[in-house]
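Here's the structure, in structure tokens; my notes come after.
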Amino acid sequence: MPDTAGMKDHVYKILDLVGSSEKSIEDAIQNAVTRASKTIREMKWFEVVQTRGHIENGSVRHYQVTLRVGFTLEE
Amino acid sequence: MPDTAGMKDHVYKILDLVGSSEKSIEDAIQNAVTRASKTIREMKWFEVVQTRGHIENGSVRHYQVTLRVGFTLEE
Amino acid sequence: MPDTAGMKDHVYKILDLVGSSEKSIEDAIQNAVTRASKTIREMKWFEVVQTRGHIENGSVRHYQVTLRVGFTLEE
Amino acid sequence: MPDTAGMKDHVYKILDLVGSSEKSIEDAIQNAVTRASKTIREMKWFEVVQTRGHIENGSVRHYQVTLRVGFTLEE
Amino acid sequence: MPDTAGMKDHVYKILDLVGSSEKSIEDAIQNAVTRASKTIREMKWFEVVQTRGHIENGSVRHYQVTLRVGFTLEE
Amino acid sequence: MPDTAGMKDHVYKILDLVGSSEKSIEDAIQNAVTRASKTIREMKWFEVVQTRGHIENGSVRHYQVTLRVGFTLEE
Amino acid sequence: MPDTAGMKDHVYKILDLVGSSEKSIEDAIQNAVTRASKTIREMKWFEVVQTRGHIENGSVRHYQVTLRVGFTLEE
Amino acid sequence: MPDTAGMKDHVYKILDLVGSSEKSIEDAIQNAVTRASKTIREMKWFEVVQTRGHIENGSVRHYQVTLRVGFTLEE
Amino acid sequence: MPDTAGMKDHVYKILDLVGSSEKSIEDAIQNAVTRASKTIREMKWFEVVQTRGHIENGSVRHYQVTLRVGFTLEE
Amino acid sequence: MPDTAGMKDHVYKILDLVGSSEKSIEDAIQNAVTRASKTIREMKWFEVVQTRGHIENGSVRHYQVTLRVGFTLEE
Amino acid sequence: MPDTAGMKDHVYKILDLVGSSEKSIEDAIQNAVTRASKTIREMKWFEVVQTRGHIENGSVRHYQVTLRVGFTLEE
Amino acid sequence: MPDTAGMKDHVYKILDLVGSSEKSIEDAIQNAVTRASKTIREMKWFEVVQTRGHIENGSVRHYQVTLRVGFTLEE
């Protein structure tokens, strides 16, 4: 929730993404951010909205994390 | 909520839409999806966020359904 | 959620209702609106708050939909 | 939400189910109830928790409804 | 949440009330229902929305319970 | 949230209203309260449930605030 | 919410129940637990999800409490 | 939710507490307030956030209630 | 929440934005709308999702308001 | 929601406050922050949790805003 | 949230579990799934409902994750 | 959510904290707990309220986790 004063004049747009990974929740977050960064450059922060995943034969097969990502419109 | 393993490597982007119909809730959902499919091809799933509508002279005039729609970024 | 500018000066009162129907969710909504229209004339919009129902012998017997209904106080 | 007095001494167990249908939200609810009724006889009521669905080629392919179903433990 | 089949054709109106009591949460609920029954006869069910209270000199002075109360419009 | 002891024996009824204003959120609240005070005298408190508004030509045209208003039944 | 370290290696299963009582909210909780204990032995904790009830002739006839109950799978 | 005018100029600080009791929900609330009153004098109101408890041998052993407590900073 | 009948055939897309202002909550809303209107013409309504802000030396330095903005896809 | 990188190593403590004002929502926020700044120096951000108020004789008498305020523990 | 078309005819049952681990959130999820797989074979997906844990001497001692797990009734 | 009987007579105070880490969500939790343990000794449990983070140049720069932490007042 914390903000800093240096960023206070920006208008942010928020994008909702779902990333996935077989390794970890953190890796699923990074995969979503990496993919989105191909078209959106000024992403600044994210918030985890939901954490889910698939199970195969009694093992977690991969994680799926829904993110809200904020990026500045000035860029 | 269920997912299948075959789709696990995708990154999804989520789009929020409001569709409407005079006939039914299902038709309002389809109208939103039809309209969005003109510019977004790889829509895969939706989730109903809110169901509302208008009333005229004591009758439901039409339904308005807010959807979250997921589509793959790979396309 | 959408509003139009033409209605912007009204004050609305909100009424919570539960309607039911053996046929469909849409019909339960209409039944609640029809019944309320006997005493309230200027109902303008509704929002579905909850969808429930009864089961008898393994079949859905009827639907029960809780609505918030807005009507203008000017009437 | 309404209850009646005649059922007041029961203890209910709640079961969460996901049903699906290509036709309608109501049909997805009934499909979940039908399938569950093979092993649970005294289902009494349900509540819709979430409505979702799949999209193929710009059309809603089927609906997926998550239900909470209450049944009496006395049976 | 449970409903019974015998009441399925009613339309309910929902009223929000706040009752209070120095004795207990149950007594605050009853006080709100008693007061409302002076003008509304066919109240059928209630749901507790919030439980609050006042403190004086380190003791709970009384409880304040917000209820949603459903009553039939047929009466 | 704070309450005071002096009001502890009242039963409150809660009314949901939507007010609007071209000026400010505060003015939209006051407009709803002013309109409701024509028929309800003993309104005591309000709670903001939702803040919305209309946009015309890239400018906020007016604010729409949904309130819960509590008033004593003793009057 | 508090947990203690001694129970940290367990896997819990959660069961949702609705209990009722004419006496009090606490008694409705106990009735649900008593009934469930006939088939589930290692119940450890509960959480109240919803408190509701029936009204007859302007009096609370009984309370209905929805619980989440956790029990260990090791037993 | 109700407030009174006499307290309107205060700034409140809110403290979250968990109290417990073997007797009742009300007693768990009082126990939390009693304990907190050793260091905080001007507690004015509380709100119940969560009601939980422990089960031993199929009986509710005690209740655990999470409270938000407001007190004035002027003292 | 209110809608009017004249807008019932539109499909809306919803965009999430964060605007900020040193002056007021209303000004932060307008700043977000103004910035978004550079690329989106047919914005019709907004809903406030969250109100936050920065503090410097014990004073509110500016407000940050997260909005959901609806615009018609027909344009 | 936005954060900046420059503040990323801090641990924040969050404090919940209620401020009030006869003038505006913004003024109620500032009053809470001003009062808290007497004992807490490094407050950095706030989030509005609830907006309420009192009504007297059909007019809003003052606003009451519940805030979550974050401050750094390093100071 | 994403689903795939291949699984569309199933009815799922949802089970709520709490798993724990001294290592990580992901390990707590896997432990719950491993334990449940002893009696339930066709688990397909999970959703994280709550993440909690114990603290001993100022260190996180272990994580406790509450999951909703979906499995097909066809098996 | 699980509790054990041995801790049932305590009153807990709840503290909200935000911790951060460049490594993982678990490390951000531990950093908040470590920092708080300098002044609070008897922390017993935590609950994750929100998971957020910063992005720089298309990579997650660090995680920010908001916790509720319970500690006994007896110490």
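Note that the chains are named A, B, C, D, E, F, G, H, I, J, K and L in the order they appear, and that numbering of residues resets to 1 at the start of each chain.
Definition applied: contacts are C-beta pairs under 8 Å (C-beta built on N, C-alpha and C of every residue); 3 or more make two chains touch, one makes a residue touch a chain.
Molecules present, by chain and UniProt name: A, B, C, D, E, F, G, H, I, J, K, L = Dodecin flavoprotein.
Remember, it's a predicted structure, so these values are computed and weren't measured experimentally.
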Most remote chain, CA-based centroid, reference being chain A (Dodecin flavoprotein): E
State the superposition rotation angle between the two copies chain D (Dodecin flavoprotein) and chain K (Dodecin flavoprotein), fitting on C-alpha atoms only and giving a multiple of 5 degrees from 0 to 180. 120
Since chain I (Dodecin flavoprotein) and chain J (Dodecin flavoprotein) are copies that touch, just let me know if over half of their interface numbering is common to both, same, or not, different. different
Quick check: how many Å separate the C-alpha centres of chain H (Dodecin flavoprotein) and chain L (Dodecin flavoprotein)? 22
Whole-Å gap separating chain F (Dodecin flavoprotein) and chain J (Dodecin flavoprotein), where each centre is the average of the chain's CA atoms: 22
Cα centre of chain H (Dodecin flavoprotein) to Cα centre of chain K (Dodecin flavoprotein), whole Å, reads 33
Chain centre separation in whole Å, for chain K (Dodecin flavoprotein) relative to chain C (Dodecin flavoprotein) (CA means): 37
Residues of chain I (Dodecin flavoprotein) engaged with two or more neighbouring chains: 1-4, 10, 12, 16, 18, 24-25, 44-45, 47, 52, 54, 64, 66, 68, 70
Which of the residues in chain I (Dodecin flavoprotein) end up touching chain J (Dodecin flavoprotein) in this complex? 18, 24-25, 50-55, 57-60, 63-64, 66
Chain K (Dodecin flavoprotein) partner contacts - residues on chain G (Dodecin flavoprotein) that touch it in the complex: 1, 3-5, 8-14, 16, 68, 70, 73
The chain J (Dodecin flavoprotein) residues in contact with chain H (Dodecin flavoprotein) across the complex are 15-20, 22, 31-32, 35-36, 52, 54, 56, 61-62, 64, 66
In the complex, the residues of chain G (Dodecin flavoprotein) that touch chain H (Dodecin flavoprotein) are 1-2, 24-26, 29-30, 33-34, 36-37, 41, 43-48, 69
